[in-house]
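First subunit A sits with subunit B, and in the next complex the same chain sits with subunit C.
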Partner chain A sequence: MSSERAASAEPARRAGPRPPVKATLSPRERYAPLAISVVSTALVFGLLWRVITSSENWPLIQRQFFDVDAMRASLPQVFSGFLVNMMVWVIALVVIAVLGIVVAIFRSLTGPWAAPLRVFAVIYIDLLRGTPSILLVLLFGLGVPALQIPGMTTSRLFWGSVALVLGYTAYTSEVYRSGIEAVPDGQRAAAKALGLTQWQTLRFSILPQAVRNVIPALLNLAVALQKDVALLSVIGAREAVREAQIFTARTFNFSSYIVATVLFLLATIPMARFTDWVTKRDQERRLQRTL
Partner chain B sequence: MVRRNVRRSVAAVAALALIAVACGDGDADEPEVDDTDASEEEAEDDAADDAIEDGDEQAAGIPGCEVDTLNLIEEGNLTVGTGDPVFPPWMLDDDPAGGEGFENGLVYELAAELGFDDDDVVWVGQTFEEAIAPGTKPYDFAIQQISVTEDRQEIVDFSMVYYQPDKALLALPDSPVVGATTLEELVDANWGATIGTTDLDYIENIIGADGVAVFDDQATTFQALLGGNIDATVVAFPTALFATAVQIPEADIVASLPADPNDTGHGLLFEQGNPLVDCIDQGLERIIARGVVDDLVSEYLIGDADVVEITG
Partner chain C sequence: MSTPRVAIDDLTKYYGQTLVLDEVFLDVDEHEVVCLIGASGSGKSTLLRCINQLVPFDHGEIRIDGVAIDDPSFGKTGLRKRIGIVFQAYNLFPHLKVIDNVTLAPRKVHGVTKPDAEARAHELLGLLGMEEFARKYPEQLSGGQQQRVAIVRALATNPDVLLLDEITAALDPELIGGVLDVIRDLKAQGMTMMIVTHEMGFARDVADRVCFLEEGRILEESPPQELFSDPQHPSTRRFLQRIIEAGRL
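And then the complex of A and B:
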């Protein structure tokens, strides 16, 4: 950044000493690296392509995985499933963001009266984070509706989503907690010196800093959750992966999986770029503040 | 409302035998074993009779399809893929090599027809996904209640159809589908089915229901039925007989359903372009003509259920 500034200031200093002689590159020095990159990349990918397409089964794979007609035929079905993924994802994100911070606060509380909450948070995180998501989905999605609790829905989609929310809340609360612990102790001391209560310290001093610290990590979890919604397929929810599987099972053609893959990428890649952008913006803000 | 009477005793006996085997009680399953032995001997006798009748035929084997000329994965062996685990009544005791059950019974009859010994039949377990995955298959053919459809034929080859099961409506006694006499009454129920089955197609295309839950396997579908997640499911009639006798006795066969004109029935699955299909088809034709398949059907797949028949 500082060198840019120096460069822009140059015209104003015409009267000063002569600028240093610009280094010039010979054509070889200038173009050789580029040429080498292009050739080596082409070589590596070309070889890879050759190896793949020279496989005896390549025409079969092509027909079974990249059949444009089958892709077109499966798209409406897979897309309708993908809308279910998106709906569950958005709702779950909001709930997880709130619950995660609650559990993290429970775990960060000090003082003997908060002991039950701390114990609860530790047990909750240990159990839910230690259980594979697919098991949570199976247990909640098939088990809870079978209890037939009066007044409770028996929707598998609902209980499967609850399983995802509970599992991801455990992860998220740990991320929040790492953010809370990363806030320097001096901040707490300063808040105490100002006469803030424990709650006020959390609300106005610790949490705003903590959350900002962990936003990239949280967005990372959001992308992971987007893909894990596909786990709901095991309990019979008709989301994108399940719709693709149904198409495949019916026709023995795997092109519907490619359709589902592309749909997921279309959703997750912008999400990844957004994460990068948020991280970068945050970095710049911090730099400006410290400069 | 038509009432149909199918023999249930056979399935009940088979189920009892299965339980007996599971309990390690040797007495109860003996008749079953004897029975199978008898039918196998009978089959060999039949084959011998055929050979005597047609002078140009060998005692075992089909002209042009002698074992040593067949294009097999493993020379001298007939390698057969099937599900893992396998379920009654298609195969009993989760043991394809035991020879008890409709599908493995059929394979051993077919193998004998082609001139293989029982010991030459090698079983390979696989999931449904593996059965339909591209690439070289580690077996000569697979048998797993796989329905023959045109779409699938673009990816794999099938033998001729050897069996076409009826569909049964399965539900708990308090389900809203109980008492239905027409397909229209079934549309609004909360349906579930197992992925990769024609049951799902049946519910969507013939019954015309929307939002059918689709589960990974039959066990999960039955669990969902028991848990009240779904009101009803459709399964092949033989599967329903076994399921209501052993797996989920809480559920009943509520009705038998009209045939799906698009469902052609079960075939053996081959890697596409496998030259073995011709010989296997000839073998199947012969054992079907001899009534062997009908015998297996009545031994394993027909039960006695007094159920409502929904005809349309």
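And then the complex of A and C:
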């Protein structure tokens, strides 16, 4: 079928100007599909809304979760907490991106002298990737400040963030490593043949290609971290979830959680969409290259 | 007798259990052009790769101007500064523009300044009719254009010996002539070259000596006129017969 279409398209292209695009569509043919989509979607969601709001528990739900006054009252604290989340997120992203590369390089080094670094990288990745993030946050966020080591900060927020950074560095380095391994051998051969040292080969040939290969995967980790910064609430750091919790404990109303939820969604949905867009563009680029 | 530029002595190489090069002896003098011909899998590419230490070998010795290639005096990258190689599959750096592909080694390995390296690169690109593609990425070029960039990249470091592995295999027929001219120019300038090729016309035209390889051995080596008109070894005769039947001579 597709070959038929290709065959009929061919002469048209050669003839120069394309024929006008199906000018014979009647308004009915043109708008019917759109109208059906809109009406059916509205119908389904309207019905759903009806069912939910007509349930006898609805007034209670509305009061507990969607109390506008409570939302307005909790917004300032929750929002200032959310700024802490986003600050931790941005700083952690930068640190993780750098540390991840370092660990990945350690792991992919060859030669007997690099063995200690290689072993370190393997152990590090196994330990940190295998431990639940929440345990890391508790261990570092509560544990390290409790040591009272002179000269070291006892900020729980700081040490909790360090835990997230260490955990995500393990994931990130594995992503980088898969990117490094995906670079064809011919690239190493070419760089070597030109006289580049092992380090120069990595720096100028392998890493730039590896990073470009794994950008979508890295962005996915960034989205995951954007939510995981909420884990800092378990050690009492004054971020969005913790602030919402405090408000709830005081008022016995859960609307502040909804505020926090909405704030997170406002950040994560665009980020996830951006990731999808980059991933799609990346796939198209690869497809073009193989054609 | 003077020291050959490249001396290959009793070279033997295995890939795992497979014998790929079997006691190869070959001397290439300065200014000499040697073509390597032979069936697919006969070990031609492997021989070139052994010379600039891209792959290790099991037995024998390779010397450049009398110095073994694993001699410490070459240092880490000294050998690669003397030998340029162009691959069958181009192996250009896809993330770098043509001009940066060409100037990377001169700048980072040889310490040439950026303006000097780029001036030389433009000169060489112009010679191969690639000047207008300097700011393009490899994936924006045809295979033949990419191969010409790869040749320029290998020449940009001014090597003493140039190893060419089927460089015309990807070129359109009308482009082969241009590359041939470049190789002939290089020969006129005294470049020492070892050329693997399936283009017998090209070999006959440019080679001082042609070596026929089969199963990792050099079965016959002689000047092109002799080898192509009067092959001594039955295997060489069979090989050339097949080539003639395929219409490539």
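Definition applied: the second predicted complex is superposed on the first by the 240 of 291 C-alpha atoms of A that agree within 3 Å, B and C clash if a C-alpha of one lies under 4 Å from a C-alpha of the other, contacts with A are read in each partner's own complex, and residues count from 1 in each chain.
Definition applied: contacts are C-beta pairs under 8 Å (C-beta built on N, C-alpha and C of every residue); 3 or more make two chains touch, one makes a residue touch a chain.
Note that the coordinates shown come from a computational prediction; the quantities given were computed from them, not determined experimentally.
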Superposition on subunit A - do subunit B and subunit C clash or fit: fit
Touched partner set for A:Y257, first subunit B, second subunit C, both or neither: neither
First (subunit B), second (subunit C), both or neither touched by A:F106: neither
Which of subunit B and subunit C A:I246 touches, first, second, both or neither: first
Contacts of A:W89 with subunit B and subunit C, given as first, second, both or neither: neither
Which of subunit B and subunit C A:L60 touches, first, second, both or neither: first
Angle at subunit A between subunit B and subunit C, C-alpha centres, nearest 10 degrees: 150
Which superposed partner A:Y168 touches (first subunit B, second subunit C, both, neither): neither
When both partners are placed on the shared chain, which of subunit B and subunit C touches more of subunit A: B
Superposition-derived minimum Cα distance between subunit C and subunit B (Å): 49
Doubly contacted subunit A residues - partners subunit C and subunit B: none
Contact set on subunit B toward subunit A in their complex: 128, 132-136, 149, 151-152, 154-156, 192, 195-197, 200-201, 211-216, 220, 223-224, 226-230, 272
Of subunit A, residues touching subunit C in the complex: 184, 186-187, 189-197, 200, 204-205, 208-209, 212, 288-289
Footprint of subunit B on subunit A - complex, ascending: 57, 60-61, 63-65, 142-143, 145-146, 148, 154, 156, 234-238, 242, 245-246, 248-254
Subunit A-touching residues of subunit C, taken from the complex the two chains share: 49, 52, 54, 76-77, 80-81, 83-85, 87, 89, 91-95, 104-105, 108-110, 139, 153, 157
